[in-house]
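Here chain A shows up in two complexes: once beside chain B, once beside chain C.
What follows is the complex of A and B.
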């Protein structure tokens, strides 16, 4: 079974290569069918491997199985979280390809296969990153998925905004990748190893006085910078709203649903395997780093989300807010929180992708994704309205959605004030989405007036289909419906939570810790509280817009998202230094 | 954010990062030490499989899976370029006019061209024996073709490099690498395992088992990828023009390119 692990990468790549080779002859329909089939087959493979991943699969590419504990080969990990992320990425790619079925305006001439091919390479990159057990190999696939994501973001070259967003994305993420590579170089210099587990052992062996030194700290900071840029943690997050607002909708579904989350997964994986030992970064310092950054990210993301009127930007900021919640969860380093985050992440992927899919329908039907311009216009889209409302409540964490279950489990694990951050961030982001729904689909409240010159309106966007849709194709409503059903199933299918928890624990602690994941009364109440809070916020915002409109003191925060790449690079440097400062006590104390 | 604030932020945080990096570099192992844990293992493994160039053994045998990722990055970059540098709605194609080339330049280019192409192929073919290999040789061979652009003109270059064919060859090379990897899985060993072919005689062209084959696939991939990449950028620089105006310098060719490129004039 374990020999099949590399096929998760090889299969979609082969599909992409054949699509490009035959792309000049293939009619569009054939190219799209091949894309869907290959992506679906990879998803099936990932799920099959996932079902056989206990005990975790390990594969050495090229058959370089270690002799006396030493190997020159590359290790691939097939444990629950790795294959779970690969399966999630594959399923979302398939969903996005199904959603984009005959969707784009016109494919580049004589290259009908190029969009499905790019999506397949993207899928291969994400799967490769998820199952990488070797730090350098993880970097290679980090780069692969980034390169494809830049091209996909700028796909609509006729719009200056799309090209600008892709360029910002490319520069900021590339800087993150250089930081990651430098961190890997430092670790290699110290240990002479590239496999994550071996680096971790090497650090423990070579630790001076049994603790970390400046080199370990620097490599930790650099590696984390790369991964947090991908995860879009504040202050590394500025590329995300600019890129997600302009990327084609099917691409947004994958970017927001799973690519960003792979950064969080990477942090979890790298800390657990490389830096968790006595020669690495002490748990207290990691906790400080991730909790501080996570809270900052959740707050900034939620506030910015509330103040958006460009619907895709609003959804992008809600992804930032949720990244913050995920980082807090993995930062507290308890097995229960890890389980909760795993569930939260799966269900969030479904909800977020479904919401982006609905936003795409608005764009193609009305040529706008502006909350104010679309006021009351989408009344006749009843199905989409229902999907949007369900998605918004799912985002806010209404039981029995999987988001609510994951959130409840995590809240119980983090406890106290941090649990309040979860309630508040999910309520504000869910409320913002619900507010858009109430205005656009129902036309509730007074017609809002446009104000403020610093706003990015969502008007004047070009539909991504050949012409404005007069009728919404069935695939475009079926895909979000299925995704929402999936998010619901995560919370309701009996035993699913337990399965995920077992898989995460087996990977995290070798199965020593046994946790149980189930609905609890406080969990349900907190979930209901955040959903109610979201509804309340929406009610106030719709009936009394002035009360919750952006106050002047929020302006400096909003101005930070200036669109100037130099600003974003400066913030990246600030973030890297901040990481160093936050993790410094562990090194000084050693 | 004003320029001043930005510079101030960069200065402060850059100093912090620089301090961290300097402190880290002071902890690096001293230069020229005798302990090379990875190097020793890699050389031993390369020799065991009769690959004279250890770098080639690392690239195409020990860490061939990384090379697969790197090759895919190049492939994705080419694909991305083809998509991003396509003709936009408000652009049209104009035939470039041949420019006068000085005779010495022309002579030099035409003499060096075959030498450079052969040099590139040599570097690819001897990847498992001497420094070089598919990545390096591929770039040499691909750029050699472009001497024609310097020595003659753009249209001469276009005649020797049909971009469509190179795109197909590029993806076939990627497929070849993948199929060679999958052969290992089918044979029951592992993906990209170098255990199917005999390792041959050390320091001859046919040594190293799989290594020369994977190396050749990479060489072909890189050569084709670089040709297509350069073609796309040259297209933008030389042929594709902004606006709806048309020059009718070469009417017949213009019609042809129009037919090829379908829509024009913002259709």
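What follows is the complex of A and C.
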């Protein structure tokens, strides 16, 4: 079975090559069918492998197996989390391709294959990153998926905002990737290994006085910088709203649903296999780093999300807030929290992609994604309104959505004040989405007024479809409905939670731990609390806009998001320094 | 052998990286910014090659020497650096294409004048 692992990368790449070679001669329908088929076949392969991933699969590409414990070969690992992420990425790519069926107007330069081909390369990059067992290949796949993501973000090259967003995304993420590579080089210098597990053992073996030293700290900080830029943790997050607000909607679904989360997955994987040993970074320091950054990310993301009027940008900030929640969960380093985060991440991907899909329908129908400009305009889109409302409540964590189950399990594991962060962040982001729905689809409350100049409006955007839609195509409503059903299934299908938990625990650094994942009374109550809070916030915002309108206090925070590449690079350096300071005590104490 | 020559390449790598970052943070021209990003990447080349260096060793090419007869520098980091160069070329090409498009659509390549996305 393990010989099939490289196919997860090879299959979409071959499909992309086929589309690029024949795209000019292929009719559009054929090109899109090939794209969907190859993407779907890869998803099926990932799921098949996932079902056979116990014990974890290991493949040395090209048969370069280790000799006397040493190897220069390329190692691919197929354990539960790796194949789970690959399956999630593949499923979302398939969903995005189905959503974009005959979507864009005239393909660029009459090349019908270009968009599906780019999406397939993107899928290959994400699958490769998920199953990479050595750090250098993780870097290569990281760059592959990033470069394709830049190209896809700027896919509509005639749009001024799109190319600017893509450029910001590209420069910030590439800088992060180079930091990641420097960290990998330092680890190689210390251990002479590139495979993650071997590096971890090497660090333990070469540890001076049994603890980490400055080199380990430097490599930890650099590697984490790269991964956290991808995960969009504060203060590395500035590229994300700029890119997600301008990328074509099908691309947004994949970017927000799974690419950003792959950064979080990378942090979990790298810490667990490389730095978790006695020669790595002590658990207390990792906990400090991730919990501090996670809380900061959740708060900043939620606050900024609430004050957006550009709907896609609002959804992008809610992704930032949820990244914060994921980071807190993996930061507390308990098997239960890992299980919860895995479930939360899967369900969040479905909900977030569905919401982006609905935002895309608004854009293509009305030529705007601005909450104020669209006030009361979308009354006749009843189906989309229902999907939007369900998605918003799913985002807020209403039981029995998978988001609520994952959140409840994590809340129980982190406990105390951190659980409140989960309730608050999910309520505020869910409330913001619900507020948009109440205004745009129902036209409730007084007509909101613009509150200042320092904001991005979503008016005057060009629809991505050939012409403004008069009737919403079935594929565009079926895809979000299916995605939401998937998110619901994560929470309701009996035994699914247990399966995910077993897969995560088997791969975790703590050995085989038996945890139980199920609904509990406090979990359900907390989920209901955040959903109610979201509804309450919406009610206040819609009936009394003045009470929750952007106060001047939030302005400094909004000014930080200046759209200036230089500022974002400076913040990246600040963040790297912050990581170093937060992780320093472990090295000093050793 | 004192410690300085051993540490020097690492210091150079750090310096090159920070110089590139400084250039990016203060850039007034997007083409200049893309160049600065390439400078940052050069730091990774320096670091990788410094990691693989060995005193008195020769290049890992066996066409004219007997395997095992002389010490060699680490070929793995050279392979990594080569891959890195390929990645860098792709990124730079794509970035320059995007800058070209920014220049066409915004009429400027000064990042200070791109202010549509903010808040």
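The rule is short, and it goes like this: the second predicted complex is superposed on the first by the 586 of 590 C-alpha atoms of A that agree within 3 Å, B and C clash if a C-alpha of one lies under 4 Å from a C-alpha of the other, contacts with A are read in each partner's own complex, and residues count from 1 in each chain.
By definition in this document, a contact is a pair of C-beta atoms (placed from the backbone, for glycine too) under 8 Å apart; a residue touches a chain by one contact, two chains touch by 3 or more.
Bear in mind that the values here come from a model prediction, so they are computed numbers and not experimental data.
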Exercise for review: Determine, under the contact definition given at the top, whether A:29 touches first (chain B), second (chain C), both, or neither.
Suggested key: neither
Exercise for review: Name the contact category of A:456: first (chain B only), second (chain C only), both, or neither.
Suggested key: second
Review point. Thinking of the overlay built on chain A, is A:167 touched by chain B (first), by chain C (second), by both, or by neither?
Key: second
Practice item. Check the residue A:558 against both partner chains and state whether it touches chain B (first), chain C (second), both, or neither. Key: second
Practice item. Give one of first, second, both or neither to describe whether A:175 is in contact with chain B, with chain C, with both, or with none. Key: second
Review point. Where does A:544 make contact in the superposed view: on chain B (first), on chain C (second), on both, or on neither?
Key: neither
Review point. Once the shared chain is lined up, is A:573 touching chain B (first), chain C (second), both, or neither of them?
Key: both
Check your understanding: Of chain B and chain C, which one contacts the greater number of residues in chain A?
Key -> B
Practice item. With the two complexes superposed on chain A, say which partner A:118 touches: chain B (first), chain C (second), both, or neither. Key: first
Practice item. Tell me which partner A:59 touches in the superposition: chain B (first), chain C (second), both or neither. Key: first
Review point. Both chain B and chain C touch chain A; at which residues?
Key: 72, 136, 140, 143, 147, 150-151, 154, 157-158, 163, 166, 186, 188-189, 194, 559, 562, 564, 566-567, 569-570, 573
Exercise for review: Note which residues of chain A are touching chain B in the complex, please.
Suggested key: 3-7, 9-10, 13-14, 16-18, 20-21, 24, 59-64, 70, 72-74, 76, 108-111, 114-115, 117-118, 121, 124-125, 128, 136-137, 140-141, 143-144, 147-148, 150-152, 154-155, 157-158, 163, 166, 186, 188-194, 213-215, 217-219, 221, 559-560, 562, 564, 566-567, 569-571, 573-574, 576-578, 580-581
Review point. Residues of chain C touching chain A in their complex?
Key: 13, 17, 21, 24-27, 30, 33-34, 37, 40-41, 43-44, 47-48, 51, 76-77, 80, 83-84, 87, 90-91, 94-95, 98-99, 101-102, 105-106, 111-112, 114-119
Study note, to complete from the structure: Listed in rising order, chain A residues that touch chain C in their complex are 72, 136, 140, 143, 147, 150-151, 154, 157-161, 163-168, 170-171, 174-175, 178, 181-182, 185-186, 188-189, 194, 241-242, 245-246, 307, 454-456, 558-559, 561-567, 569-570, 572-573
**Study point:** Complex contacts: residues of chain B adjacent to chain A
**Key:** 1, 6, 9-10, 12-14, 16-17, 20-21, 23-24, 26-29, 35-38, 41-42, 45, 58, 61-66, 68-70, 72-73, 75-77, 79-84, 86-90, 164, 167-168, 170-172, 174-175, 178-179, 181-182, 184-185, 188-195, 261-263
